[in-house]
Each structure stands twice: as C-alpha cells, then as structure tokens.
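The structures come next, written out as structure tokens.
The two complexes that follow have chain A in common; it is paired with chain B in the first and with chain C in the second.
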Partner chain A sequence: MEVSNRLIDLQNITKIYGETEVLSDINLYIRKNEFLTLLGPSGCGKTTTLRIIGGFEYPTKGRVIFDGKDITNDPPYKRRVNTVFQKYALFPHLNVYDNIAFGLRIAKMDKKQIALKVGKMLELVNLQGYEKRSVDSLSGGQQQRIAIARALVNEPEVLLLDEPLAALDLKLRKGMQLELKRMQQALGITFVFVTHDQEEALTMSDTIAVMRDGKIHQIDTPKHIYDEPKSAYIANFIGESNIIRGTMIQDELVHFCGQDFVCVDSGFDKNEEVDVLIRPEDLHIVGTDVAQLTGLVKSVLFKGVHYEMIIEAGGFEWKVHSTVMAPEGSQVGLSVIPFDIHIMRVEKEESDPGGEE
Partner chain B sequence: MKKWVRGIYLPLILLFLYLPIVVLIVQSFNAGVSRARWEGFSLRWYKELFASPQIMRALYVTLSIAVLASIFATILGTLAAIGINSMGKKASSAMLTLTNIPMTMPDIVTGISLMLLFIFTKVSRGYFTMLLAHVTFNTPYVILSVMPKLREMNKYSYEAALDLGATPSYALRHVILPSIFPGITTGALLSFTLSLDDFTISYFTTSPLVQNLSTLIYSEARKGIKPTMNALSALMFVALLILLLVVNRRTSADHK
Partner chain C sequence: MNLSPFGIGLIVFSGVLFVFLIAYGFKVHHGMHRSIFSSPYTVWMILFTVVPLFLIGYYAFTDVNGKFTLENFANFWDSNREMKRQLIGMGFSLEEMGMTARGSVNVDTLVYSLKMAFGCTVICLLLGYPAALLIADRKFKLGPTIIILFIIPMWMNFLLRTIAWMSLLEDNGLINSLMTRLGLPKLKLMYNTRAVLLGMVYNYLPFMVFPIYNALSKQDVRLSEAAQDLGANNFLTFWRVVFPLSMPGIVSGITMVFMPSVTTFFIPRVLGGGNTEMFGDLIERTFLTADNWNVGSALSLLMMVLILMSISLLRKVDPEGEGGSFV
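Take a look at the complex of A and B:
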C-alpha cells in the first residue's frame, strides 16, 4: 500500500494506565474511504485505540499521524474526526435540531446554511420532522441516528464509532448495520468502527483488525480473516470452527486423527506441531466407503438454514454444518477437500479463546 | 383511647412547634406596648420598623450579604463540584468528605474559629469578614446540590462537545452548565436562605458597628424586647418560609 493513501497512521502506540499496559506497540494504518473495524473481546484495547485517534486519550508512547501531520498531542476539537459514542451522549438540554447544529454553530456557519444541513442530515437518517423533539422522547434507535447525524453533519474525514449498535435489539441492529454501510459508501467517509460482535465486523468492514490483550493479532479483509486465520484464537473468535492438533509431515501434507491429509499450506518445519482448522461447513457427510474419516453422529440440532451435528471420528468431536441430516446414532463418513484444511502455527502461550457472542 | 391519641398527637406537636411563632405574629399587630394585654389591632410597629434607620441599615446588610454570599458561594461551589466530579474515585470521595465536614460542624465552632482566624491574621472584623464567613459556610451546600446533577450527566457529554469542535470553556458554558443548572439554582437559593437565617457565625465575625438583622435583634433583646422586634421577626419568618417553600418545590421537582 502506498504511503500517500494512509489517512491515519498509528505508529508504535503504547498506552499504560498505572501499571497495566492497555496497548502495547500498536501499528495500524487506515486508508481513505476505508471501513476499518477493531474487533476483540472487552478489555482488548479496541476502545482505547479509538479514543487515542479521537484525542480523548494520549498514548504513553508512539505517534498518531493524520494526513501526514503529527496530531499525537492535539486536543479533540482540533482534529478532523467525529465520534459516535456508545451511549450516544446526546445533549439532553437541547432538542434534536440544536443537537445536530451544535458543531456547525461552533464553526460559526450562518443560520440558513445550518438549517439546510440539519435538514439534509435528518433526511439521511430518516428522521424528517423531528427537529423540535426533545432527545429524551426518542427511542434508542432514533437517538442513535441523531448521534450519527450530529457527527456526520460536520463532514469529518473520519467517523469513529464506539460500539454504536450495542444497545439496540437484534432486528434494529441488523437494519442499522446496512444503513451505516450505505451512508459510508454514499458519503465516502472513512469509518473506524469498534465492536465485539464478529458477525457485525464481517458484514460491514473492508478491513478487520482483531485485537487481544492490547495487541493487534491479525489485520486483513473479512474473507481472509475467516478463511485464513493466523491462530486458533482468531479462528475461534471469528465464526465457528473445529481446531485439532496435528503434525506437519512435509509441505502440503499434515497428520492428524491418525491419518495423513493433503493440504495446501507449506512453509512449516518438518514434524512441526500445528493447529489444524476445519470450518463446520467444510466437512461433508459422505458414504463410509469414500470417507476420509468415519464416525458416529452424537447429536443433531436444527438451526434453520442447516443442521448442526456433532460427529465423533478419529478421537475428536467434529462440529459439522450440513443441509443434509444424518440421524443421531448413525455411522457416517466425513470428507474434506485439501483447500479447506487450514494450518496455523501453534500459539506460544495457551490461553482460552474469546467466546463467541 | 388509641384513636383519641392518634387524633391529638400530631395537632399537639404542630401546636408546640408553631404556637410561639403565632404568638409573635399576633403580638406584632398589638397596638399597645404591653405583651400581656391585647390593646387592639394596629400596624404601628411595622410603621416604626420601617422608619428606624438602624433597622433599615441592618436589613440592607442582611440582604446584601445574602445576595453577594450566595453569588460567590454558587460560583465557587459549582466550579469545585465540577472539579471534584472529574477527579479519580478515591480523590473525589476524599474531597467530598472534606467539603461535607463544615456542614456537620456546629455553627458556634465555625463562628469562633473564623473569628480567631480573623484576629490572628489581623483582619479587622466588619462587613467584609462577615461576607467571607457566609461564603465559607454556604459553599459546601452548593457543592452538595450540584454534585448529584453532575453524576446524572452522561459522562461522555463533555467529550462529545469537544469532539464537535468545542473548546473546554465552550463545552463548560454550553453543555455542562445547562445540564446542571437546576442543581446550581437550588444551591443558590439554599445559600441565600442560610445566609438570611444565620446568627451565630455572623455574631462572631462582624463588629458591633456592622449588624445584620439577627445580630441586631439579639443586641436589642438584651435591652428588653421592643415590639418593633416582633414585627421584624414576623417579617423574617414569612420571608424565610416563602424561600424554603420555593427551595423544597425545586428539590422535589428535581427528583421526579
């Protein structure tokens, strides 16, 4: 990626509170018009990273570069970014119109123009006619839209969003995900989005940075993160997975469950211990005669689009997603194509993966 | 029997509480000098009251001190509350304890210690020292009434204002102060009432040359109570009653 495309560049950011290191040596750049998501469990440092970009926290070490200029120590009001806060933080003493006009009045824009812009914003978030309403009289979803409008009306180059959908119910959240994505594409603004919801991250982002314990573990497109997670931790955090210990026999050949499997990964040491990832939807139920593994169906759950089956084979309980149901207690064969076997380096320290939301 | 006790208990308490004041008010309309005999209704003492330059001067001192002290205490207390609220948890609760102690201290202790301080620092006592004393004992009450409003505020409101381009002082004026305004006015009214009401602390921090109404009544009472004092006391009672009603209404409205 060319350097000139980098709108925000975080360089070696470290943040220490008292004795705890919340962020350790974060390096991250955000391109113009990108939708970047910081994804991770609570306490991983994603919100702190966002607050450093917004100017609400200053890094203990490192620099924040914005459009080529060092803004590390600039206060929030000197930065060309705006934030949508988790609990919206609307001003309760002002009505909807005055909330949205807040930033424009500080910028000393003339009244007619303010009225025009606020009207346009209300149209964008689908709340025309709400100008005179008090913000307390609005529902959570409506307050959220006003918070977005209040930030976007200032035409920031970057919009920071701190778990903006966390307080909404599932249906509303899905709708807002699409709407946010639509706004981002229509306005051509860079979005930096913080969430702990992996599905939300996969749906909306151009790029996902998976964070854990103050570090960025992997940064990539949603598809790459899903298909080629760097570690068992990320595989577990994003989507559902079967992860089993194996040994690399040679390039493109891995041994697990007492058998050798052809795969597409290479570059590991001979006999290196590895984590093998197979997504539940990549395991196919086949006849026992052509199967790579045979096993017993232990349980079957109907999930709507597919069945989720737990199949014990080769001393491991495999989670299998399939539209074809194999009855509980039956003997079935499993097969997987080499492309769907993903080999990951074993993480040095073993710790439990973040839960799936 | 039980019913009878229940029926008489509350009226009895109210009677003991308010009878003295009722007597005072009734006496203030007594045409005669004697307190033992009713000589007919008259506004004579009220007329004399307003004609007395000494009393009018004391009234001026009382009112001007109450106004100035509540203004200064409100400014100080509000700023202090904002500061305390943005401190860390430990520091903020320590500071709150420190600011609460003066409220629990007996007035006489506050009064004497302030007097000693003024003597020690060689500040001659008078109008200025009384004003300082009133600001001092009012400020904790302002902090106490502003604090809950600050705690209620969304803690990101201030940051949201900065985010939208507001400087810290613009955010203070346009976001924080409007949000806590009900608490500020309650604090100011409370200060004004306390200031009007105070005798003990004023007594120790002023000179005999500068008297407010309460110290004047006290020194007059030692010479024997003039009926004008009845009229004055009755007026003070009514004024304070009205103020208290306003404050109470505000606080109960805040809690809704």
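Take a look at the complex of A and C:
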C-alpha cells in the first residue's frame, strides 16, 4: 500500500489509564474512502481507538497522522473528522434544524447556505419536514439519522461512528446498515465504524480490524477474515465454527478425529499441533457409505433458513447447518471438502473466545 | 394572643378537613391505603402551616376588634397612619403640626430589601456559577472536598454563623487586629450595607452553588464532546451547550437565593447595626416590638404575594423545574 493513500495513520499507539493498558502498540492505517470497522468484544479498546482518532483521548505513546500531518495533540475542534456518538448526543435544548446547523454556525457560514445544506441533509436521511421538531420527540431511529446528518453536514473527510446502531431494534438496524453503506459510497467519505456485532461488520465493511485486549488481532477484508481466520479466537468471534485440535502430518494433510484429511494449507512444521476450523455450513450430511465421518444426530433446531444439528462423530460434537434435516437419533455420515478445512496456528495462551454476542 | 371565634373556627375546620381526607382515602381505595402513612405529615402541615396562613390572612384583614378593614394595608403605604389617627382623635390638626407627610419607612424598607436581595442574588450567581463549574468538572479532583467544605458550615445555625462574622469584622476583630499588626490603618468593616451584603452572600451562596452544580454534573459529557467535534472551541462549547443546559439549575438557584434574601432578618441587625433594616426585620419588629399583629400580618401577606409572583415569573423560564431536583 502506498503511503500517500493513507488518510489516517495510527503509529505505535499505546493508551494507559492508571495501571491498565487499554491499547498496546496499535498500528493501523485507514485509506481514503475506506469503510473500516473496528470489531471486538467490549473492553477490547475499539472505542478508545476511535476516541483517539476523534481527539477525545490522547495516546500515552504513539502518533496520529492525518493526511500527512501529525495531529496527535490537536483538540477535536481542529480535526477534519466528525463523530456519530453511541447514544447520539443530540443537543436537547435545540430543535432538529438547530442541531444539524450547529457545526455550520460555528464555522460562521451564512444563513442561506446553512438553510440549503440542512435541507439537503434532511433529505439525505429522509426526514424532510422535521426541522422544528424537538429531538426528544423523535424515535431512536430518527434520532440516529439526525445524529448522522449533524455530522455529515460538515462534510468531514472522515466520519467516526461509535456503535451507532446498537440501540436500534433488529429490523431498523438492518435497514440502517444498508443506508449507511449507501451514504458512504454516495458521498465518498471515509468511515471508521466501531461495533461488537460481527454480522454488522461483515455486511458493511471494506476492511475489518478485529481487536482483542488492546491489540489488533487480524486486519483484512470481511471475506478473508471469515474464510481465513488467523486464530481460533477470531474464528469463534466471527461466524459460527467447529474448532478441533489436530496434527499436521505434512503439507496439505492434517490428522484429527483419528483420521487423515486432505486440506489446502501448508507451511506448518511436521507434526505441529494445530487448530482445525470447519464452518457448520461446510459440513455436508451424506450417506454413511461415502462419509468421512459417521455419527449420531443428538439434537435438531429449526433456524429458519436452515436446520442446526449437533452431530457426535469421531469423539467430537459437530455443529452442522443444513437445509436438509436428519432426524434426531439417526445415524448419518459427514463429509467436508479439502478447501473448507482451515488450519490455524495454536495460540500460546488459551483464553475465553467469543464476545458478548 | 386572643383567639376570636373566627380563629377557633379555623382550627375546627382543619380538623374536620383532616378526618374527611382520611375517610375519602378509605372510600377511594376501598380500605387502608399507603396514603394513610402521610397523615402525620398532613396533620403537621395543617396545624402549623395551613392554619397559621389562614390566621395571617385573618389578622391582615381585621382590626383589633376583629372587624374587617383594609387599614393594615394602608398602614404599609403610610407608616404614620396609626399615629395620625390617634393625633386626630386627640383633637390635633395635622396641618398645624406639620404632620401631613406620608411615613415612608415600610415602603422604603421593602425597596431596600428588594435591592439587597437582587444584589445578593447577582453576587451569588457570579461567584457560584464558576464554583459550580469547577466542582462539576470530573477532572478536578478536589470537587468532593469543596462540596463538603460548603456543607459543613450549614450544619451550624445561621445565627451562629452570622455572629461569627462579627468577631472577624469588628473594629477590634480578627481582620483589624491583623491590619494593626501590619501597621495598616483600621478598616470600618461593620455596620454598613456592605457588611450585610457580605453576610447574606455568605449564608445563601450554597443555595446557588448546589442547584447549578446539580444541573452541570447531570449533563452528559458526550454533549460537550459533540460540540467540540462539530468545531466548537472550549468557549463556544460552554456558551452554546453547557450554559444553556444549566439554565434549570440557574433558575432554581436564583429562586433559592432570592426568596430567603428578600425576607432576610437578623443579619442586617447584627452586621448592619440597625442602620440597614430589611423587610424581615420590619415584620419581626412589627409583631414583637410594636405588638401590632394586624399590620405585621398585612406586611407578611404582601411579602408572600411578592414571593409567589417572582416564583411564577421564574417558572416561565424553566417550566419543568428540572434544576430544582436538588431541593
């Protein structure tokens, strides 16, 4: 990646509160027009990272570079970024119009132009005619959109969003996800989005940075993160997964459940202990005669699009997603193609995976 | 005090009212209800607030013989009225004696009280707002300590606190003996309007600080951050967001300082030495020294109307009375 394409560059950011290290040596760059998501469980430091970009916190160590300039110690009002806060933080003493016009008035723009811009913004967020309403009279979804309009009207180069959809119900959240993605593409603004919702991250982002304990664990496109998680932790956090301990016999051959399986990964030591990931939708229910593993169906749950079955085979309880149901108590065969077997290096310390989901 | 049949009637009436209230509670709630627990308080309120209020109204509109009159209010306007009436009754001519002029003591005292209360409120606001701002600042570690320092003196009776100021301000008090030690001339600190104002501000300042502090500390920090995020520097953040949102606290602070300020008594007498009588002292003097319950009641009633008017005026600024939640 060319340096000039980096709009925001976080260099060796460390943040210490008292004696707790919230962020340890974060290095992260954000490209122009990128939709980057900071994903992780609560307490992983994702919000702190966002607040450092916004200027609400200053790093204990490290530098924040914005468009080639060091802005590490600049206060928020000097930065060309705007924020959509978690609980919106709309000004309760101002009506919708005055809330959106706040930044423009500070910038001393003339009245006609303010009126024009605010009108356009209300159109963008689909709330025309709400100018005179008090913000308290709006629903959560509407407040959310006003908060976005209030930030976007200033035409920031970067929009920071701190779990902006967390307070909305599922249906509204899905709608807003698409809406936000549409706005980002239409306006050509860089978005830095914080969430603990992996599905939201997968849907919206160009790039996802998975954070854990104040470190960036993996940074990649949503597809790569899902398909090639770097560790069992990420595999567990993003999507559902079966993770089993195995041994690498040689390149492209792994041993688990007492059998050898052909896979596509290489570059591991001979007989290295590894984590094997197979996504529930990659396990196929087949006849016992052609199966790689055979087992007993222990439970069946209907999930709408698919059935979720727990199948005990080879001494492991496999989670299987399939549109075909195998009845509880029946004997079935399982197969998986080599491409869907993902080999990951074992993490040094085994800690509780997953988040608050 | 000689209670007229009217007064006794009032007490009987309040007793009946009380019984009725409880009976009504039983009827509405089909038996005993939690509201019954409020009855001791209700009785207390009726006996010591409602009944005295009616009595004040009764005295204000009657003369010594218990007959209806507006004379007491006329007395407020012309404080010499009673004297003039007696002189005329003795056969003197007011013109000849040069006694026609209106006695303006009562009105003047009221105006002086209002001025003092206004001054005290303004000073309290000017001192109290920055203090509240500082205490409410989360980064300011001494905040809780300062709150305690504000509260501790309030555990003491305000008469004692005021008298304590005497030993500081006296001609041979702490400040002046320090001045002498330093070879500076003594200062005339007591027995003037400034000393009274000082005593008032000292006594009422916490009532300004706490409601404002309360309003400020309840404010979401995110709102200030949002303002900063939208380009407002520290001053604009304060002016456009923090200050307007603390308005309920200011209104409630002003109410809580202005009301007791207008009715201040004792402080002017101790620190002002009688040169600076305020309306509270006048009422007290009318009741206890002049022993004129009728005029005293009329003055109290006027005071009450004035206070109610100023409250309702403030209510218009802060209809929800949010800032008042401290009280």
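The criterion applied here is as follows: the second predicted complex is superposed on the first by the 355 of 357 C-alpha atoms of A that agree within 3 Å, B and C clash if a C-alpha of one lies under 4 Å from a C-alpha of the other, contacts with A are read in each partner's own complex, and residues count from 1 in each chain.
Everything below uses one rule, namely that a contact is a pair of C-beta atoms (placed from the backbone, for glycine too) under 8 Å apart; a residue touches a chain by one contact, two chains touch by 3 or more.
No experiment lies behind these values; they were computed from the predicted model shown.
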After lining both complexes up on chain A, report clash or fit for chain B versus chain C. clash
Mind working out whether A:P75 is in touch with chain B, chain C, both or neither, as first, second, both or neither? both
With the two structures laid over each other on chain A, which partner does A:N154 touch: chain B (first), chain C (second), both, or neither? both
Let me test your reading of the model: by the given contact rule, A:F85 touches which partner, first (chain B), second (chain C), both or neither? both
Looking at the overlay, does A:Y307 come into contact with chain B only (first), chain C only (second), both, or neither? neither
Just checking: does A:F316 make contact with chain B only, chain C only, both, or neither of them? Give me first, second, both or neither. neither
Contacts of A:I106 with chain B and chain C, given as first, second, both or neither: both
Jot down the residues of chain A that show up as touching in both complexes, chain B in one and chain C in the other. 54-56, 75-77, 81-83, 85-87, 89-93, 102-103, 106-107, 150-151, 154
What part of chain A is in contact with chain C in the complex they form? 54-56, 75-77, 81-83, 85-87, 89-93, 102-103, 106-107, 150-151, 154
What residues of chain A sit close enough to touch chain B in their complex? 54-56, 75-77, 81-83, 85-93, 102-103, 106-107, 150-151, 154
Where on chain C is chain A touching in the complex? 220, 222-223, 225-233, 236, 240-241, 244-245, 247
For chain B, which residues are in contact with chain A within the complex? 154, 156-157, 159-167, 170, 174-175, 178-179, 181
